[in-house]
């Protein structure tokens, strides 16, 4: 379990705090969605939760980040890396840039942690298999499509065997097909017991994936709760977050004066037709 | 700590001494005017540079033996610097190759990355960036970005990185915008005086004895043209420099010019003996015609490469330092500040902004 | 071939010393090497011949007179001497990267104790060069589509460089932050050695050969400095 207790964070040299008094709990085996307008603090939250802020980028942190109840303030970054993995939105910058095959790229993390050679190989094949990208193993990472690179980057995180996975807008640069691939991979993972925290602007993705959702506004948690409740909350729009397509369909049908039965049938049929969750 | 420095100093003196005894030949042909005319003496700066690099290795080894780590050195190599170095090396190689092979102009532009890393991270990362750039350029990077000659000048590149690191550490590349005219004027005069002095010194010591740009007896068309070209460049430089200084009102332009000229002069002193002894002054680049011109005028190879270097290098490094300064200005404050030496590149006003920060909630005051 | 790989780290002075010996060794080597070597050394060779044939100071035997410049026999001899030297150097370098993959070299160096961070810088640089060239190509195409002049006079071309080089450099620097975080998140900062998945084989005779080459170099330098080689042409 990963918890943030009354965490405030300010970037080095910034005037204002980017996070204020954030309390958050990522339970084992759950998928937590974080939504909010751009600049609301989603990325900062991901950086703080993964330990990169303030370790790698400086700044001032108040409050406590705990893993299984233990305060991790003093742990160096490479120890955090084995506990919490973090992925970013741009696949190109997440690849190490020193490997010539996807296999080596995925193995890069465990190699850095000096995991024994045979175990590195085993973990790498497992990570590739769980995202169904074994056929890419011999390819050059720089010669893949953006979606494939994102999957390789996520596989590189899985090979670290972290118990917590933080993903910052993992599908921001992906086409719908790529988004589906990532969503599918993530639900597989959570089904296998990993706890995942995903920040997203695409609420459609979270609607089918997250168990809980927290809404962040101006660096603070505005409200949180079970995914379907939060994503249907009318306050979302005021905080700069578009509701999922299914919720919007529902509202449009309502506004058009359809009866509750007709409305439900229409939205269900349209959702089926347009393949939205 | 002191032991390391003493060991490095001893290594420097020993290597320099051995080098001078083995290669230097000071007993013949020293021209008291230029001091660099004989072949042996010409290698003086090169030997010192090699000694400097070896002394650094001795320092590192002694530190390792003492403490089992390279802490004082590795502090300059955070992950951010490690990520920047390959980019810097790629800038060096690509720009250097493009300018050297394609454009055929007598400058190099192959040290933008080196100077950038030196300024942001420190002398040692700067030196390593320069050194690795030139080694990789020759031995690892495949054609068409391969240069057969670069590795020979790796020592020069390392010294350029060291100098850039020192200038960065001294805060020379800190922006100084909107200064009063009086300061700008003083800065302009100082910079022009330094450049003028070095130009005059180089002219009287290294050129004057062999040929005159505007000697009325000189019937050689090549040299008249060359003389006019150089004069034109100089005028363009002075106009551009003054314009930048007073339009941008940024006093750092003057520092950039001085840093460039000093770095260029040092680079010329070190690279001339390499160019002369290893390549006989011919490197396949745009600088060859200058060497040829000086040799035509009667200089031997050693002198001609030095004359070419003293002409090309200060201009080249000035342009490079200026480019790096523009890049640094284009970088976000926050991004700069996180590099090991980055805080020395922020302008004076920034400190006050930092003091105005809204303080985050204190641990006691923070509600649970 | 690892002998060549590791033996390749010789300094400039050593190359010159070897330049006397290597041409003979290289004479019997196959087409690809010869072609690449010639291609690589051509610009510098032409430059060397022109400069020395026409501008050799103190040359007295005049071969040809073209206005203010003269070609001398002394210059020609000197130019040939330099040509051999250039061929030797570029031949050795060409042989080196025809037989050695950069990745193998870096892994081998890391196995022999070079810091993983230096190894990272070396292999990342090798991969960054073509990536950045590709990026510059894309930006050039984009700028050209927007009507930027990349042909034409020298001054226009120089001006054209700025909108191409600027975005490449600044874009790359802008990514430094994210790359840094991604590397740290993958345990890059852990001190000490890391696990290697593979390394190039290294046989006994390769080791012997490597030591022999490494020993030959200082011997040659000493020989040259001491003047024992003056009988060589």
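Note that the chains are named A, B and C in the order they appear, and that numbering of residues resets to 1 at the start of each chain.
FYI, contacts are C-beta pairs under 8 Å (C-beta built on N, C-alpha and C of every residue); 3 or more make two chains touch, one makes a residue touch a chain.
Treat the numbers as computed from the prediction; the structure is a model and nothing was measured.
*Asks:* Considering only C-beta pairs in contact, identify the chain pair with the most of them.
*Replies:* Result of the pairwise contact count: B-C comes out on top.
*Asks:* In terms of CA centroid distance, which chain is the most far removed from chain B?
*Replies:* A
*Asks:* Return the distance between the CA-based centres of chain A and chain C, expressed in whole Å.
*Replies:* Inter-chain centre distance comes to 44 Å.
*Asks:* So, what's the distance in Å between the C-alpha centres of chain C and chain B?
*Replies:* From the centre of chain B to the centre of chain C is 21 Å.
*Asks:* Which positions in chain A touch two or more other chains at once?
*Replies:* If we look for residues of chain A contacting two or more partner chains, we find 56-57, 97.
*Asks:* Can you list the chain C residues in contact with two or more other chains?
*Replies:* Residue numbers touching two or more other chains: 120, 124, 127-128, 131, 177, 179-180, 183-184, 188-189.
*Asks:* Check each residue of chain B and list the ones that touch at least two other chains.
*Replies:* Those would be 79, 86, 338.
*Asks:* What does chain C use to touch chain A in their complex?
*Replies:* Where chain C meets chain A, its residues are 103, 116, 120, 123-124, 127-128, 131, 175, 177-190, 192-197.
*Asks:* Which of the residues in chain A end up touching chain C in this complex?
*Replies:* 47, 50, 52, 55-57, 76-78, 81-82, 85-86, 88, 90, 92-98, 100, 104, 107-117, 120-121, 142, 153, 156-157, 160
*Asks:* Which of the residues in chain C end up touching chain B in this complex?
*Replies:* The contact residues of chain C facing chain B are 8-9, 11-13, 15-16, 36, 39-41, 43-45, 47-48, 50-52, 54-57, 67-69, 78, 82, 85-86, 89-90, 93, 96-97, 102, 105, 117-118, 120-122, 124-133, 136, 165, 169-170, 172-174, 176-177, 179-180, 183-184, 188-189, 225.
*Asks:* Looking at the complex, which residues from chain A come into contact with chain B?
*Replies:* Where chain A meets chain B, its residues are 5-6, 8-17, 20-21, 23, 56-58, 60, 62-63, 97.
*Asks:* Under the definition above, what is the set of chain B residues touching chain C in their complex?
*Replies:* 22-23, 77, 79-80, 82-87, 89-91, 93-95, 101, 112, 128, 132-133, 135-136, 138-143, 145-146, 148-149, 151-153, 220-222, 274, 277-284, 288-289, 291-293, 295-296, 298-300, 327, 330-331, 335, 338
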